[in-house]
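Shared between the two complexes below is chain A, which has chain B as its partner in the first and chain C in the second.
Showing the complex of A and B:
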């Protein structure tokens, strides 16, 4: 594991649908060091969320199943486990205590009939030997840490009594109450307003430094990725198509898909009369009907049928930088 | 130039149910909003949830009735217009919606969807003429005749949004109200739709109200931008100006929260503290003062009017000159 906290190797996740088996994740590898932030960037159908569910052992089964690969995780006692093959009970002990997850929509993670405090305390009581009173004190401490005003009173509030940003904070408090070593954040700011998004990103960064936690952050928004990533993994149609340090990805972009995403989003102050936005043509691919070879080929302006028509491998293209494109040398950054 | 659309003192309160002995206090969704849109001009409305931007869009299309205020379209008051005048107005002002999944009838073919406004308004009479016009519209939005007989579920999100645009253009409108037309789409598809909207707007000389929460997209598409907070206009200016020289503290905070795909642009971000106040009980005076770092006692006294702070640039802040 080389001191890594999480090491995912050739992960494959399939979903059985009417008539076809869809490869939602088709051989993805990445690793995360303690305290590091890896951002997985992708659009709908890229496999980014399924990857995160697989780490949590939450792939719905059926119709889904982990069809191959390993998810090696180093737990606090130093033991290294393959989460793809860990029994349900051990997973339950790890989830919440060592690996926690936050979601896009806090109402789907919070139970509307229990108070915020009861839900945070429940996590603590389940994983740590604490009295109710100690759990309450620790929960209020978490709410304070998350910058929730008047935390002792909010402890007794129900989810519907809080604003969207406050609910998101309460959910994060619940996820972090046992101080996990790995946080998986699946689009946690997508449903929020931009000013609240800035608050929550600030908060995640601050807590990460304070708790020394590693974060796998899933988003479709490259601005969010630039804001918090140490390293980035760009996914397309179930595969990693570019991976590297945040700087390499943004300043030395090699994959035409990544470059397309970067150029298609308008930025403040862009001269709209100079040229139209460089849109990526075509549509997001259908996983049940992928083209042979490069999955991005049909939408790529550099596509050469003789080269791109066969399966592509992830090639090293620089220090801590790899790309799945046979033409990367010709195209240049 | 006389404006195509003139909105004066627009107010929309939504009633709420009170308690057993107390009457409900209204949600103040839109408070005293005035603006105009010239023919062929794009006005962007930007704001966060609860700012009233979508309510304004619905009021302008008369999909909703204002509590007070007046909306004039091409000189005619449409807030008091009768059925016949309203039908004529609706042929000239068309909506584009956010959700291309919810806004198309799943049981209708593309041809039926796009032809419906033609039938309603008695345009392109006869089946052949109608089909020809629908095919023409599909070509304009980047689809083709082979799509005529298909159903919405057979299309991707971006293609459905194209169908929605073709339907809006069917009656050759003068004004389009587009409410978050790209925010439900995948990133790689958004640029296609932004380019299409801008191209059509320019080619057909359409006036447009472009409603979105993404300031960069709004700046890109709009000629002028109005920044809304809690139902009121905080600042209104030419698009470039609002981004380069924002005068209102809320606009500045909103700009500061925009995340750009550049890891070296880690500027000192001014993170707005606190939550949006309740629109049932908004703060007195300036509605933004409870979250504004420049607020002083005088801000609580009276609602600051929009004052000129530059060429075509107005801001509702009593401290605009000193800040």
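Showing the complex of A and C:
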């Protein structure tokens, strides 16, 4: 493990649909060091959310199943386990306590019939030997940490009585209440207003430093990735297509797909006439019917059938930088 | 919550006024003459006219209604044309029989239906789910009079395990306090009477429970299924919660909200719709009283009974809505 907290090797997740087995994640490898932030970037259907659910052991089964690979995780007691093969009881003990997750929709991700306080306390009571009163005190402490005004009163509020930003803070309070060493954040800012987005990102960054936890952050927005990433993994059609340090990805973009994502992010003060916003032509391919060779080929402006028509491998293209594109030398950053 | 309750009570009054109008005028539109019915075919025209005058039947209908309404507000709903008792007293005597039957059926239906729905809904398409789906389809589509007769035949006539009808055997009396035989036996502390009354209650309660049981099972199953795929359930699992707790706290708790509505509606229907069951099992309940009174044009009893049923129905609905508000915090502020 070389001091890594999480080491995912050649992860494969399949979904059985009517008539076909869809490889939602087709051999993805990455690792996360303690305290590090890995951002997984991709469009919907790229397999980024399924990857995160696989780490949590929450791939819905059936129709989904982990078809191969390893998810090595070092827990607090120093033991290294393969989460893909860990029994249910142990997974339940790890979930919420050592690996926590926050979701995209803070409204639907919270149970509408319980107060947010009860939902935070619930996590604490599951994993720590606490009295109800102690759990309440600790929950209020978490709400305070998350910058929720009047936390003692908000403890007794129902989700529908809070704004979207407040709900997401409550959600984060819940996830972090047991001080996990790994936080998985699945598009936690996508459903929020832009101003609230920035606040939540700041908050995650601050708490990460304070609690010393690693974060796997999932987003389709490279702008968000630029804000918080130490390392970036770009996924396309269930595979990693470019991976490396945030600096390498942004300064030496090699993969035409990553470049396409970068060009499709509007920037403040950008000159509409000089550089019009570019959309990537076409759509994400159907995973049950992938083109031979490079999955991005049909949408790629550099596509050369003779070179791109065969299966591509992830090649080292620089220090801490790898790309799945046979043409990376010619295209250049 | 208090304001909510008050406003719902206000609605109750409006519903009662509406029901009283509908019932009153329906009875008057029906063919048949009360005076002839009471005095017989051979009564003279003078006698008939006198009786009509006595009963106020010669006045305009709207005036009759206003008089009826004014009396109803004071709790006077007229005198039964058949029994000469106050109409409301007849209704009040019959009601406990129906109430006991309906409540027992509902307890059976809920006590079996909700757990069955939960088991079926947590393993959709499993063997239990398939059995439950088939059985409940039978349950909802079986006519209650047929099921009642079959139960009578099997358990009453052939196997002779249970009595075939009536409230209690002739000659055995339960000291009347509430009018509900089971409860009265309990109050009297008589285990022997309790056993007898329960035996008499079993078949009609089972027959009456069949449809609500099937409906409650089905709605619980489908609500469990629908709730299980919601995001907050995934959140609960992400907390590391054991699956059994996830089902009880985060699926069942939310799925129960619509189930409670169905249970409440069923109680209302059972209270007013036990006519067939009461007829088959010869129970002197409200449904039978209503049918007999309609057939003999006993207006006061029909009116009193209809108003009473409407009152109970609306009251039950109010209770359901209050339960709803307790179960779902989002409704409390509305």
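By our rule, the second predicted complex is superposed on the first by the 328 of 333 C-alpha atoms of A that agree within 3 Å, B and C clash if a C-alpha of one lies under 4 Å from a C-alpha of the other, contacts with A are read in each partner's own complex, and residues count from 1 in each chain.
We take it that contacts are C-beta pairs under 8 Å (C-beta built on N, C-alpha and C of every residue); 3 or more make two chains touch, one makes a residue touch a chain.
Quick caveat: nothing in here was measured; it's all calculated off a predicted structure.
**Student:** Are chain B and chain C a fit on chain A, or do they clash, once the structures share the same frame?
**Tutor:** Once chain A is superposed (C-alpha atoms), there is room for both chain B and chain C without a clash.
**Student:** With the two structures laid over each other on chain A, which partner does A:266 touch: chain B (first), chain C (second), both, or neither?
**Tutor:** In the superposed model, A:266 contacts chain B only, not chain C.
**Student:** According to the stated criteria, A:224 is in contact with first (chain B), second (chain C), both, or neither; which is it?
**Tutor:** The answer is first: A:224 touches chain B but not chain C.
**Student:** One more residue to check, A:122. First (chain B), second (chain C), both or neither?
**Tutor:** second
**Student:** Check the contacts made with chain A and report whether chain B or chain C touches more of its residues.
**Tutor:** Higher number of touched chain A residues: B.
**Student:** Answer with first, second, both or neither: which of chain B and chain C does A:112 touch in the superposed model?
**Tutor:** Only chain C is touched by A:112; chain B is not.
**Student:** Contacts for A:310 in the overlay, against chain B (first) and chain C (second): which applies, first, second, both or neither?
**Tutor:** Touch partners of A:310: none, neither chain B nor chain C.
**Student:** Please give the least Cα distance, whole angstrom, that chain B and chain C reach in the superposed model.
**Tutor:** Between chain B and chain C, the minimum C-alpha distance equals 6 Å.
**Student:** Would you mind listing the overlap between the chain B footprint and the chain C footprint on chain A?
**Tutor:** none
**Student:** Can you tell me which positions in chain A touch chain B when the two form their complex?
**Tutor:** Residues 43-44, 163-166, 193-199, 201-202, 220-227, 229, 246-247, 250-251, 257, 260-262, 264-270, 272, 276-281, 283-284, 299 of chain A touch chain B in their complex.
**Student:** Mind pulling up the chain B residues that touch chain A in the complex?
**Tutor:** These residues of chain B touch chain A: 48-49, 156, 158-159, 186-192, 194-195, 198-199, 213-217, 219-221, 240, 243-244, 253-266, 269, 271-273, 275-276.
**Student:** Give every residue of chain C touching chain A within the complex, in rising order.
**Tutor:** Checking each residue of chain C against chain A gives 230-232, 234-243, 249-250, 253-254, 257, 327-330.
**Student:** Inside the complex, what are the residues of chain A that reach chain C?
**Tutor:** It comes out as residues 56, 58, 88, 91-97, 100-101, 103, 105, 108-113, 115, 122-123, 126-127, 158, 160, 171, 174-175.
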